[in-house]
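Following this line, the structures themselves.
First chain A sits with chain B, and in the next complex the same chain sits with chain C.
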Partner chain A sequence: MNLGRRRWLGLAAGAAAGTLFTPAPWKLIGDSALWSQNWSRIPKLPTGEFNVKYGVCTLCPAGCGIKARCAGDQVFGLTGVPGHPISRGKLCPLGVGAHQLPYHPHRFAGSVARQADGRYLPAELERVAATLRARIASRKSGEAVAVLDERPGRAISYQYRRFTGGLEDGLYLVPPAGEGATLAALSAQSERGASFGFRIGEARAAVSFGAPLLDGWGVPAEVNEARYRSQRPLRIIQAETRQSPTASLADVWLPIRPASETALALAIAHVLIRDGRAPAAVIERMSDGAEYRELVMRYSPEQASRECNIPAAAIEQAARMLADNTPAVAIGGGDAGGGPAGAGAETAIASLNMLLGAMGTVIVGKHELPVPDSWSSPPLSPERRIDSDVPDGSISMLILGDSPSGDALPWPLIERKLAPDHVIVSLSPYAETAARRAHFVIPAPAFMESFEESPGSAVSANPSWAIAQPLVRAPSLAVHPLTFLARLGAAESSIEDLLRQRLEELHKLGKGEIFTPAGTRPIGEFKDAKELWTAMTGGGVWTDSPVLEAARPRRFGVREIASAPARTGRAEFPIMLLPYARRGEAGTTALPPLMSKVYQESRLRLSAPLLRVHPATAAASGVADGASVRVEMRGEGYAGNIAVDASVMPGVIEAPAGPMAALCVNEDCSWRVSPARIKRIS
Partner chain B sequence: MGGKTFFLAGFVLCLGFGWAAFPRLLYRTAPQPVQFSHKVHTSSAGMKCEDCHSVLADGRFSGIPAVEKCAGCHASPAGSTKDEKLMVEQYITPAKPIPWLVYAKQPDHVYFSHATHVTLAKLSCEGCHGDHGKTGALRRFEYDPITGYSRDLGEPRLLRIGGGGAARPMRMDDCDACHRRNNVQTGCLDCHK
Partner chain C sequence: MSRYGMVIDIDRCNGCGACMVACAAENNVPPAHRDATERTGVTWMRVYRVENGAAYPANRARFLPVMCQQCGDTPCAAVCPQQAVERDPKTGIIDQVPQRCLGCRYCMAACPYHARYFNWWDPVWPAGMEKTLNPAVAPRMRGVVEKCNFCHARYQAARAEAAAAGKKAGKIGYTPACAEACPVEAISFGDLDDPDSAVAGGAASPDSFRLLERLNTQSKVYYRSREPWVRQMAGSRLVQIRKEKARV
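Here is the complex of A and B:
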């Protein structure tokens, strides 16, 4: 048989055609694709025996319990802890992805110094510390050295306070009040600055002035339990310009004009007093009761209706709903991106609580967690708020603390407090908004890499305290803030020792109970602090009943309410800029890469913020959907892209304030509402 | 014999090779650490499936029982077979987990909840695992050396001539298709956490 060329070609063509009708080529193509993802040169995560460890999430003040699923020493999944007294087995999206934070792409690999051109170069800790020590020693009188601690109340916070307390002109700074703004106002209205907390489960109704009650506020499980209980569920009136998730889920949404919270709070008080639904004895007891009544009587629902741009009937209805469902509570503080409403508005909101029967029922005293006596030497620096208690241009050295609050912290607010020739040191593990401005970065261990603690929510009256054990080994170049403070001259100590000392104080106190995944036991049943330490580092959390008896406010704060600055549009800045964010995702926070990936997949790359405006606002500003614009306010501003959305209130810009967002602040250091204008970028 | 005949010859040869020989050449087999009979346990021993494979009170699914569970009956050899002796000596007595080769093991980046599928969606075990629970001996564990994945994930039936295997493939497309058929919404994070 002659196998000529033609026949060979026929055989080969037949073989090729036949092969196409078998699984072989398709299977090999699929396998090659999978092989390319799995081949031996691709780094493999170290693995080991599967095990479960328990801890506490320290990414926000709520302190939810976490169950870490691990392969050897590698955490590969976080979930809630069933029956946990704080989180009731739940975990938010931030917590679920938080095991990825140690591998964040913007993490610092070691100590760095920023160069004039913005580049970072490695810097030895000893050399940075020597530079800073010399700087502290050579500064002039009046030049302050400050530590900004976004998460006060922790053991490390006391060490910051000891460090600044030992320096002349040392300042211990905390961020603006945020969620606790209403409680801070109540504290200011009380004698000796009493400390308050909410027991939201005791309320039958709540009027929220922009607080994201159903979107991560306070201790989310506490609020959700109250809202969705079968008997007398918490009724919510949401007074907010933006149709936020809480506004969408509330019983009543009052879409008020920006910065009209004071008028609405006073009008609700007007209806309560006019209709005899407010206890007269409370008003008489206050030192400025008569002035408050006079002020409130000027704010009829009709008057407030014009300021708030909602019907007077809606205000009357809201006031009646609150009066019919006492004890009710009024909550301000705004969302994580917008910040507090300002002292005047927060005082008006806080005063409403005295008429709604909230004091002593929903709002009660707050525990101070015990600390060892030795922590008070040298004397602790008093806590000062960076927005209200520090003069502009007074800080010559600023140390930005190790842990973010998750709330927005506008850089212009920090910047205006700095002296012209200043030095900034950041202890953040990540190159976030503030760390990018620092001259030196001494990166602290990331989430899960060292002992941490959760001293409980700033707004919940139910006290709690938990220790998070390290679940992942910290990189060798991470520097714990205590080590850094020791290099600056503070006493050397380890975080584990400090937490053990604090736990010993708690054991001595002998009150409350300890929850562990194995069960709940009274603290008195633990024979010593050592046994308690084992329970606490195994996912334990200490809880106790709240202090029901507390000092009551002595005044309504008419002076503060009356002096609140008006925030209205002007001819050159006719639009109101409203920043917003989800809790835990703003300010100096780093988001888990998984969340960043999901966010970016919708837009494929990091981009300018999407600024949502009403069609009428867009038309008046001469911009269309998708236009690149610059939002300007008093010389400051930032770029963004317009998204035209009919659900936005006319005359308003809704601007997301995520982790890397630029934010502008007003003269009074607030940034919740700012007069602005839109300029198209050609 | 013209070119057409050679074309057909090549076609048939490769067709036969691709369907019959290729799978045998591609897949490798690996022995299970010990032999196991589901049939003996569910018939002679009178056990139920849930005794070893159950959804726990906290929602987790206990797939393969721990050796402590086996030790309840097999603290000492319960028979005279070589596998029984091996299991007791090498795994149960030193309390060492038995390194079973899992036919339906998903890659590490895939999260699959038995609890959701069995408790909530009421899927039967046989719907995915076929008659595995009734077999008298463990079948050969086959894997693809290129990908490292078990054969049951991709081609439980298609390339297996005369063998057992799972009732349906378990690739991402297969999960997606089943969810679509049953009108169940899915997102990336449901399985890739």
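Here is the complex of A and C:
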């Protein structure tokens, strides 16, 4: 064949054209683009021998066991610990991504002071401490110095209490009762000092007034075990305005009108008493039994049906289901965003338990964990709740503690307790929520960076205690709260010493057993506290059986129930705002960046400014889907975008109280339901 | 030879998202770029809130975790011009080879489950956070498609461990990150061809179903629900649900 110039050019042109129809040139272009764009962006993976360390999650009170997968000393993944008595090998999404928290972009690099324009400037610890000491010394009589500790019962909590106990007008504050609100009401109805916990596994049925039973409530593994056991699984009635995940998965969902929990609880009691399904002896025994019976008889299912906006037959059916499945339990407290229903409603819910056979079976006494005598000797401030035990405008210096509860702590609630010329100090490692309001921030070590402890869930009757060992080295400018307290003049000690002291007390007590990943042993088998320390810092957790015999409530609390304020719409605020959140996401901590998967990248959870309303509510307010609006409440409000959704109750706004959300607090210090209105932003 | 598959109990899933976070942490999927949306973000596993369509108070909802359905008859592999979609004959797992991927996104168009994701941005973690990446999984670059591979790195690690222990090659037991993380144990994983496995039992149960079963993709992810509307929705309305969610 003669390959002339014309033929050769034709062949070349044909080959070039044909190549365009193969992947080769496109791959070359694509790879060139990738190499040229990514060469400086190739992530550096950790190196080192793979190993495993064990610890405990301290992001919320549940105290789940964590198994940290490490490359050398670097943690690169967290999973649950199989067989762990608290978490049964599982973690929540926060826990799964929590190994990112020490590197969070919102983390404070060191102590800072907030300027008038809102900027933070670095401040030396010594200078901040000197300023605060001077403020403490020069405050006026009657002005309190307070520490707000969201996670009471820890070793550091006792140090906070001793610090405030040593001051004139020192206050040790804890947040509102949260998911333990029903138990707090029962305590108020009992002999002084009685404390209770739930043994949810003993219940055959539960009526929940907004508590997220199937979505992270209490110790989630306990609830899941009861719900999904093969024999007599826990049956759940969810009374809640919003169709929460628990409402979706419950056996019965009662979509009640906002703030009608009291009416429903009394109507259920009405049916139980009317049908002779409630033990008469219990009613007789209570000091206000006759008044309670009289009050309950006024709340027939028909009467409650009008208040709750559900059929009377549904109330009758729910009451019968509970009576047929005793012991049953009534649980209030709400979710992490909405919080408790108010003191009156929580008392009505708590009283229902006395008719359902829950007392002494599902609700039993709660252990007090032992502490060294030196911790509980004077000076020691008593524990006070910030919502109910502190006069408004009385705190001149507020120190916000180091560890979050995972529940919302509405800023207006704190703000109303502050004196006009106040100083706020935050010990949070992150520039989130309340820390943004602080004048000074002394950042504590982040999650996994120091010894911490988990004194167990506030609502579970099953006692537990665990120590979290540091798995990551803390940055040099992080200041442990004990170091900060020492600068303010309190006694100096190390957290490790304190935990060792507490462990010695536990060893002396000699009760309970220790779970470690290697197995479970009675505490008596540990020859000394040193051996116990090794086990506890290797992922161990102490557990014990609950106190079955406990003080019983002496009254139903008719006075509190009757004084519950009505929360109805008014002419100027005709809509009800319902904030909600999942545990850990409305509190004062930061969220791991990977939570973008559930907020931003999937919208599995709505972000804080997205407000869901029924089409009728949107039409009445003159707004359309996607409209930018401002939700106005009494002197409060925040901006958001409307999402019109026919699955929302007419007349309400469902507002995710996610990170940084503002919450409106009512006169009775509740914020589950707030009268509001929608104003369109033009 | 195994045929790994998954069974997800919709009546247990509470939509917490632990599976999504665990998946991202295990497989080095970066946090969202600031411009990422529900359509452009990368989530190998995505949980949808699905509803029965009724107005309040008759509305009912469930949560539907959707990842690569590991089809037996793979529409994505059939259209890939680069042979970047591979089926492991030992496990039946469909994997994506990012080094081969051209970024044409034909596979995304072909996937009826919308379970494939394109990297619109370079993978970037906040400063210092690269130290928390899983050393066993290579991050993918901008311009390629990625998807769930049943935590293939965990399978490889389990296989290496079995070999080191002197066990014969055969059935390798391992658990993907999502199944390990699920707090309500809604996700079970195992060999569908092993009649004694929990997944084989779950897949054969009368309340099990597969997404868009009429397309006959022979997917290896089964779902369970006693709610008829969930089963009906899974058979026909999946695409519509995704569009509705994208609108939100």
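Keep in mind that, in the parts below, the second predicted complex is superposed on the first by the 623 of 682 C-alpha atoms of A that agree within 3 Å, B and C clash if a C-alpha of one lies under 4 Å from a C-alpha of the other, contacts with A are read in each partner's own complex, and residues count from 1 in each chain.
Here is the rule we use: contacts are C-beta pairs under 8 Å (C-beta built on N, C-alpha and C of every residue); 3 or more make two chains touch, one makes a residue touch a chain.
Everything quoted here is computed from the prediction, not taken from an experiment.
Contacts of A:Pro23 after superposition on the shared chain: both chain B and chain C are touched. After overlaying the two complexes on the shared chain, residue contacts for A:Arg582 are found with chain C alone; chain B is out of touch. Look at A:Glu150: by the touch rule set out above, it reaches neither chain B nor chain C. Of the two partner chains placed by superposition, chain B and chain C are both touched by A:Gly77. Set against each other, chain B and chain C differ in how many residues of chain A they touch, and the higher count belongs to C. In the superposed model, A:Gly10 makes contact with chain B only, not with chain C. Of the two partner chains placed by the overlay, chain B and chain C both lie in contact with A:Val96. Residue contacts after overlaying the shared chain place A:Glu453 against neither chain B nor chain C. Once chain A of one complex is fitted onto chain A of the other, the partner contacts of A:Asp407 are absent, as it touches neither chain B nor chain C.
When the two complexes are superposed on chain A, the residues of chain A that touch both chain B and chain C are 23, 27, 30, 34, 38, 45, 76-77, 96, 594, 598.
Chain C contributes residues 11-12, 14-18, 20-22, 24-26, 28-29, 31-32, 36-38, 41-43, 46-49, 51, 54-57, 59-63, 81-82, 102-104, 122-135, 138-139, 141-144, 177, 180-185, 245, 248 to its touches with chain A in the complex. The residues of chain A lying in touch with chain B in their complex are 1, 6-19, 21-24, 27-28, 30-32, 34-35, 38, 45, 49, 76-77, 82, 96, 594, 598. Those residues of chain B whose C-beta lies close enough to touch chain A in the complex are 1-15, 17-19, 22-23, 26, 58, 97, 108, 111, 144, 146-149, 154-155, 158-159, 188-189, 193.
Residues of chain A touching chain C in their complex: 23, 26-27, 30, 33-34, 37-38, 41-47, 50, 71, 74-80, 89-93, 96-97, 99-100, 103-105, 214-216, 220-221, 224, 228, 243, 245-246, 248-249, 253, 255, 582, 592-598, 600-605, 614, 643, 646-650.
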